[in-house]
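Below is one structure, written out as structure tokens; comments come after it.
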Amino acid sequence: MRNPDNVFHLAIPCRDLDEAYDFYVTRLGCKLARRYNDRITLDFFGDQVVCHLSDQWDRDVTMYPRHFGVTFKDKQSYDNLLKLAKMRDIPFFQEPTHRFQGLVEEHETFFLIDPSNNLLEFKYYFDDRMMY
Amino acid sequence: MRNPDNVFHLAIPCRDLDEAYDFYVTRLGCKLARRYNDRITLDFFGDQVVCHLSDQWDRDVTMYPRHFGVTFKDKQSYDNLLKLAKMRDIPFFQEPTHRFQGLVEEHETFFLIDPSNNLLEFKYYFDDRMMY
Amino acid sequence: MRNPDNVFHLAIPCRDLDEAYDFYVTRLGCKLARRYNDRITLDFFGDQVVCHLSDQWDRDVTMYPRHFGVTFKDKQSYDNLLKLAKMRDIPFFQEPTHRFQGLVEEHETFFLIDPSNNLLEFKYYFDDRMMY
Amino acid sequence: MRNPDNVFHLAIPCRDLDEAYDFYVTRLGCKLARRYNDRITLDFFGDQVVCHLSDQWDRDVTMYPRHFGVTFKDKQSYDNLLKLAKMRDIPFFQEPTHRFQGLVEEHETFFLIDPSNNLLEFKYYFDDRMMY
Amino acid sequence: MRNPDNVFHLAIPCRDLDEAYDFYVTRLGCKLARRYNDRITLDFFGDQVVCHLSDQWDRDVTMYPRHFGVTFKDKQSYDNLLKLAKMRDIPFFQEPTHRFQGLVEEHETFFLIDPSNNLLEFKYYFDDRMMY
Amino acid sequence: MRNPDNVFHLAIPCRDLDEAYDFYVTRLGCKLARRYNDRITLDFFGDQVVCHLSDQWDRDVTMYPRHFGVTFKDKQSYDNLLKLAKMRDIPFFQEPTHRFQGLVEEHETFFLIDPSNNLLEFKYYFDDRMMY
Amino acid sequence: MRNPDNVFHLAIPCRDLDEAYDFYVTRLGCKLARRYNDRITLDFFGDQVVCHLSDQWDRDVTMYPRHFGVTFKDKQSYDNLLKLAKMRDIPFFQEPTHRFQGLVEEHETFFLIDPSNNLLEFKYYFDDRMMY
Amino acid sequence: MRNPDNVFHLAIPCRDLDEAYDFYVTRLGCKLARRYNDRITLDFFGDQVVCHLSDQWDRDVTMYPRHFGVTFKDKQSYDNLLKLAKMRDIPFFQEPTHRFQGLVEEHETFFLIDPSNNLLEFKYYFDDRMMY
């Protein structure tokens, strides 16, 4: 179990702050913590994601090596998010997939893509020891 | 407070897995969860960081827009990590800095750099509501 | 997750302390913390509600903009309270309703009314990220 | 201790959503959860406050019987918020006060006022059993 | 929710320490914390019960006004204990009973009797708000 | 650590319900959960104490073998309660005492007496493993 | 409930560190914390196991008196581990067994054996009070 | 942080159950959970240690490779236990030692020895990340 008092911190590029706000707050349901001229800071599922206005966003999107997201302990949380993504037409980079079937690492996963081509992965493992 | 059961997931590039292992496990004191031919997965301060073998690591390092790390609730944890980084000669991208003095956002921060030029930021805020 | 050590504090008008005691403690099952000549303080589902003796209670009751209550994480808690309200004949301002069906914000809700015309709303969201 | 999974829910009037956003998010440091045409929903110190656009805001402000806020278990949290309020020039309805000195109910308290004349009280009790 | 760090403390009479040890530790499955010449101290379901050697034990047993025990949040814990009591032939003072059916205070309860005629009650409420 | 979800349950005699209410709620600061004709139920420091109207209250008071109370993990809670007892003139059965000095079982303790001659003990151990 | 902040510490012999790494990390899914010339330290289901390079490993393996492992509160965790052991061909010292059927101590258990003949037991009790 | 619901399980040899009881319960202050003809089970600082009657206890005692104990997060717990061991004349196998001074792994440690020559180590790390 991780320490509930600390916060993971991730800074990512975004090409437009309003776009980022629309994607993360209005659609994905994250909470806006702060807005500055050059960035917005988000409470992203309990951790902090900062979208920095920048021209260094990826023009070519590949699944590896860069992406980020949440691995849920609870299947319901994973399903709720998947339902939200579909209902609100958030673009999928990869549809929900069942990976490593028959192995201990078996999990469900899907990838979303934000307006600045950042990839978000959300996962649920059948054996929660595999979350790491 | 974030949910202690979930795990933040971050995938980053690394040019050499042994280098990454040495940096994250041997020096930074993270725990190795799994090792595959093309990646290692880490218990990074309670969350998951995956180092993917890749040629897409940054040749030019800039503080923005990409970096990641932990904001500690407890000053002692921040100080312990800073001491570890110095004792074990982990390279600093930016020395410990006191930012936004006199503002509510006042915090201490330092940046480390891993062998694949990924930047890690660790922070401590005097007002913990600013962690987001 | 909110901090279990802190307490939300709400002060509301009441036209008669005995009436308020009867409504909140005897019927709704809240705990009486303190009683003074001009107010009673309650442990209201873990937070604090203070009923101040006052003539400023609402003569005209409207659902908006003022009401308060609890959003339960657990469906059972919502159902238990609904059952209690019916069994003990607590007056409903609005019967149990299923709102925003088909949307992510889908939730169940009902409104009670206290003897001083304060409105209490209790909710259960199918996606707990929508509790905020 | 209250249940960390549930959320207290409070709906209040506001005469202008941008004003409310500026007061609660930009200045008080609450997180914006959702914005609609007629309301904004906030993560207010872990609970939910909803500002409803309405003409029913109080023209005459009195401390009683209506106000809301947080009683902090930890003195540091109280002090941090007081410092934030001063640094960011948030208007006080009542300056920090030491009440009931010499009694068990002894506590520190201050009142802020939002742009729609809603009063916010923040408290710290020396004996935490008096938080209710 | 009660504070998990504190311990409720109850001192009761017992006419024989070996008898008490046999009842509480060997049969009821409580943990022995300390044994002195004149008393044993027990970890009784997480709280502390001290059996004092004494002649003041009750010759006449009545359900009221004195008894003690645990109200379980979780039905499984109640059922497990009931099963243990039956399997190990612990004497019942009152068989498992379903009380207040149709009321909010509805609960299941049974009473055990220790060798010094102390009565133990264990309960499970269908609405956990009624545990107090 | 005990389970925060369960509740210790203690039933004691009281000769007068108003007296009991005055002692436990008004003076000792416990919360009233329910009041019936023949008993009151209390949230007593997070556990449940039920005062049953009864003629079987003790005419002769002795410290052993019957008393109940709380052992606090935190010294501040012990001190706060002691201060409350003095400020509100709650009768002491035994003044604050430092017991077993020089032994591991060293602790501070005081005894209060309620209007029906029930004895309440509150303790603080220097080594918290001795709380049991 | 045990204290989540402390760590149980167990030191055991191992005849080869690579073998131990392979068994505990690669197959059993424990996390590697540190590796030295003469030992590896593991995050073993949240506690610490240290494998010391040593010639004192057991040549004759008997179930008693020495073995170690985890008793899971949750049946799913027990089942997940059993599934992992089978899928990854971890050698069983004793196949999954249902012990003490019809008694309160009823539980499921299996024994694994590591390359240095250390025995690992994993258990699930139907009555969680029997975990001790 | 480890899962507070699970229990680490360790079985060790002991040459005499009364001796073991005296050492672990009466002197070290562990709680006795169960006693059988051939073993006693203990709540050992929140985890389970089982002392099996056996002739396979170590005649020659060496610090490595076998010992077990607890690493405390909190310095006070370490100091309390050290004080207890001295006050109650529990035999030390190794006096309190300060190891790895100047390194991140710096910690305090002492070793006790039980009547069957099992070694117990208790530790406190200055940087709690080194507990694993």
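Each chain carries a letter (A, B, C, D, E, F, G and H) given by its place in the written order, and its residues are counted from 1.
Note that a contact is a pair of C-beta atoms (placed from the backbone, for glycine too) under 8 Å apart; a residue touches a chain by one contact, two chains touch by 3 or more.
Just so we're clear, the structure is a prediction, and the values are computed from it rather than from any experiment.
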item	value
Equivalent interface to A-B, taken from G-H, B-G or C-E so that over half of the residue contact pairs match	G-H
Of G-H and A-H, pair with higher C-beta contact tally	G-H
Subunit A and subunit C: spacing of chain centres that average the CA atoms, whole Å	35
For subunit C paired with subunit F, centre-to-centre distance based on mean C-alpha positions, whole Å	31
Residues within subunit B bordering two or more other chains	1-4, 29, 31, 33-34, 43, 46, 77, 132
Residue numbers on subunit F that touch subunit D, as the complex places them	4, 29, 31, 46, 77, 80-81, 83-84, 87-88
Complex contact set, residues of subunit A against subunit H	1-3
Subunit G residues touching subunit E - in the complex, by the definition given at the top	1, 102-104, 126-130, 132
Residues of subunit A defined as touching subunit B within the complex	1-14, 31, 33-34, 41-43, 45-48, 52-54, 56-57, 62, 64-74, 77, 121, 123, 131-132
Touching residues on subunit D, where the partner in the complex is subunit A	25-26, 29, 31-35, 43
